[in-house]
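Comments concern the structure below.
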């Protein structure tokens, strides 16, 4: 058997629905059609009345989920693309994010954001919003980079008592396959040491983890041993794991697919600079997308976001410094 | 317009019409009494932040709450003091939220009109207008999924609030899901200083109902008995499965937007028109006229309520203020996922 | 419903009705011809990203564009190939956007349906449904402030798009400002796979008009002449200062949501109903019946258009692809405020 | 004569309206009423038909501004509170922010966001959104901290050919007074050395600049000379000015009123750590608000955000390190 990242997301939802009658799925075309990406394929058939189509009303979708959650349910909301969550932004950050702190009443909702770039997706179907949501108090923001994590972190997200922004990466939907679904998993909040090394740490998340692995492989051919840390969740962010790796290597490259001002890479570097300054043998380096909308043309796109080539170049510079 | 019947409504509730009117009236009076004290507290500098009153809107708001039953859901807005009290809010809790007592329902974390008790079906509003509508929908969906039927969800929105995308998405969602939502549009002629001519161009806001495929009713919001009739009927229709009910009430805000606002911009002609009637005075006259109360009783009630509010104030003012150093600064229920951010401790 | 008059509309435009119909028809035919080629290119893997077609919607879309005049504003949506061509778009520019030529209007930065030429009043859509409506309003406000009168702004939205807050805020804003906006709601019975029963609960989307205080019209979107009549009338009423015009057209999407979608979910009964008629075939039959064209001419036009599209493809396919290393990666017009972010160069 | 920060905002708008017939103001209650904070007082009278009330439709307000701007106008949009811009978020970040890059057509709009906390304002009338907007390409984000800057930067914002997010701080509205409006000004993009020093740099912006100044004064009494840098604009961010100051002092404390994950303080520290690592004599330190919604009660609020007391404590720690 072989299972894709996308199938793992479907399976996680199937499991959540099967295990807990409080779970339901609501979003555009998630019902009989099975979702724009087929992440809810057959679920409406298997769980009638618990998986259904919403109108094109992102704000009301999230608002409704909040109401259901505070009344005891565990909704999963699918945004058709992460980019469209901007029209449900207020309900996400101000209603869902603030509810528990204001009232003491739990608001367990999972909002799935098909995120990140793929060739030809252009300015409005490619965005990374993890850094924006992580800014807000009261939200958990996760960014699975593997098939296994897509599965186990989604199951765990639905079980958490808080709103979770589940940033699933569209580029990984079909590109990534695993042999089987995991039976054990790291919990949300823990980063993974994807690859051990000695000479440098690359911290990354989402689709960039695979560029980081490719970079490490390239550089291995050049005699370097690169450690790769997959953050898995960006809020909370596993500072300890990052610090431990930097303590081993002394060098930090942090790479993300998001735009360059702020976001996850700045947060990681700031934590290391403020709390682990002495661990650094060289200035930390960050690598992000360019500061323009995400371009449509694949040739432009492939230069807009970091790749294993630009990452390797940045890593070589850092290794030499 | 849907037919209403005084007798039917009263019967449904299993109480005499007179009793219902008197009960709602007492909520109105309590709201007015409470708000007058709030104004004094505000003028005396006892309240940090704003004070937003529902003066002139007590009949409508109280009638809505008194049309609800145990287990129903109520999401009031800023001018719903009458409804909050009618829904069973303790005046002390209202004061606690204004005065920032940590013993209040919002524990000094949120203030003034942003209060509620979700466990009791009393939803605490957030500021962004329109955003409570889908939340009420969600509670109703949850109930339906659990097989709980016969619950109604009620919420209000201002004339200004109808211009928000949230209003539209929320009402449409309720219509598509055929939820037992009672949405009361309170056309008090202004949104802060903005007149309705800058807010919408339809002849009457109730004209929106047909475009959502929901029942629509218009209502003179200054008349308590009319409010009880129409809202009683609307809630029952919702309860019986006829989907969302849009009720548009007309009246005038008889105060500033907040107590900082002198409302100089309100058109004197509107003040002089029937919209400008004070619903409390109208209700009192009606009670006297019908012989359902008398001047002595009214005065006694008012006095009792004043005393009640004053004693609540005395209690709440003696309550501790929050201790920021013992405050639990965790925004997540999953405590193990809260990060220390020690850097922000200074 | 507002009275329409064939003769009046034609007269206003200073052209014979027959000429207008033929002109719009040719835009429809060109749109269909172009889209058929697009499908081949898509199947041949020549296009990165999606292809979204307007098959079955050409009559409506072309009629809208042909109801506009020089200086008017047009903000098409994904299924408006007919309108884009009718508004004067060069097929080469459309292809350039699909194929990602840097010589196209979007310079390979944005793609497929996200194209336009704002300087010409042809606004490039962004994806978020409903969001172009207030942008059209803004252009109309700008014109009015500069004393330019008689400009109309036209845009379309799907049945699904009516559920967005943006639709509501945008139409309401136009109504309050009494702008010459022609908003065409294209009810093609589905939003992607979602049927209208999950999208709204009103009997007819035109029922929304009264709630915004704007004129409303219904329309059989499969009939070119009806489209020209009704849209001609709506644009003229807008132009004459009667405020926004809501036109609701019914038809069926005769393709998948995008070319990746087989549309298996479309109800066969709908396909068999009058809604499922192919507007191009309907228009051709009408032309033949009236003797305004004949089979030979139609075939010749089709052939000319095919050649035109093929030669455009040949041209555009020979154009360079964008050079990412010479691309100007600056998102601000104020170049002095762009930061280098040298760290992202790798 | 004495002029407040709020009056300066009004005067800047009066000047923009008077100097350029393309300028107009649109927002809730900005017309005859003069705005919730009176920032447009009398402007509707002085400029009839160019200052008027919008419905409560933040999304359409911004969308309309974009349409008017691309057709040659220069709209100013007033949000009643920054917090309400979340419902106009999509039009701001995706429509206005992306327009120029996608089309080559300029989109000069100024969106005024009354930002930041004041006592008793609570979770939904106190927010800082500069870091969220700065993340997005195509937006200029400014945070004036003085009466003079409120004036000159607003005038300049309206004149810029790009969308500007003008984060005016409500706490400064009445608290801050100047003798006169400035005739000269630093341009947007340049930070100001508010106070020269030697021992440490405090980088800040908005209302926190005044806490930084107070901190510097306190610490002067303890024998330290603290340099205060006022960023003025957070995108672009004047890295050179920050770096020059850190080069002089070797120590960096960066303080902001926003929430602690990401945002301006992380961006500043990351720039210094990546580009000016060798300038640092000690690990940089950041100071932000707590990671919860902004509390209503003034006692909670005064501990939620940084103050000159917590700043001085952090500074002393850093000075000793």
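We call the chains A, B, C and D, going by the order they appear; numbering starts again at 1 in every chain.
Everything that follows uses one rule, which is that a contact is a pair of C-beta atoms (placed from the backbone, for glycine too) under 8 Å apart; a residue touches a chain by one contact, two chains touch by 3 or more.
Because the structure is predicted, anything quoted here is derived from the model rather than measured.
A centroid comparison over C-alpha atoms places C as the chain most distant from chain B.
Centres computed as Cα averages put chain C at a distance of 40 Å from chain D. Centre to centre, using the average C-alpha position, chain B and chain C are separated by 44 Å.
Each chain gets one centre point, the mean of its Cα atoms, and the points for chain B and chain D are 36 Å apart. Counting partner chains per residue, chain D has residues 54-55, 57, 59, 83, 86-87, 90, 94, 97-98, 101-102, 123-124, 137-138, 235, 237, 261, 274, 285-286, 291-293 touching two or more of them.
Annotation for chain C: residues touching 2 or more other chains are 106, 109-110, 114, 126, 128, 163-166, 169, 172, 176, 198-200, 330-331, 338-339, 343. In terms of which chains touch, the assembly is arranged so that all chains touch all other chains.
The part of chain C that touches chain D in the complex is made up of residues 105-107, 109-110, 114, 116, 118-119, 123-124, 126, 128, 131-143, 145-146, 165-166, 169-170, 172-173, 176, 330-334, 336-339, 343.
Within the complex formed with chain A, the chain C residues making contact are 47-50, 100, 106, 108-112, 114, 126-129, 160-161, 163-166, 191-194, 198-200, 265, 321-325, 327, 329-331, 338-339, 341, 343-346. By the touch criterion stated above, chain A contacts chain B in their complex at residues 24, 49-50, 54-55, 57, 59-73, 75, 87, 90-91, 94-95, 97-98, 100-107, 137-138, 140, 160-162, 188-189, 235-237, 239, 274. Within the complex, the chain A residues that touch chain C are 28-29, 31-33, 36, 52-57, 59, 81, 83-84, 86-87, 119-125, 260-261, 285-293, 295-300, 302-304, 306, 309-311, 313-314. Listed in rising order, the residues of chain C touching chain B in the complex are 163-169, 172, 175-176, 178, 197-203, 205, 207-214, 243.
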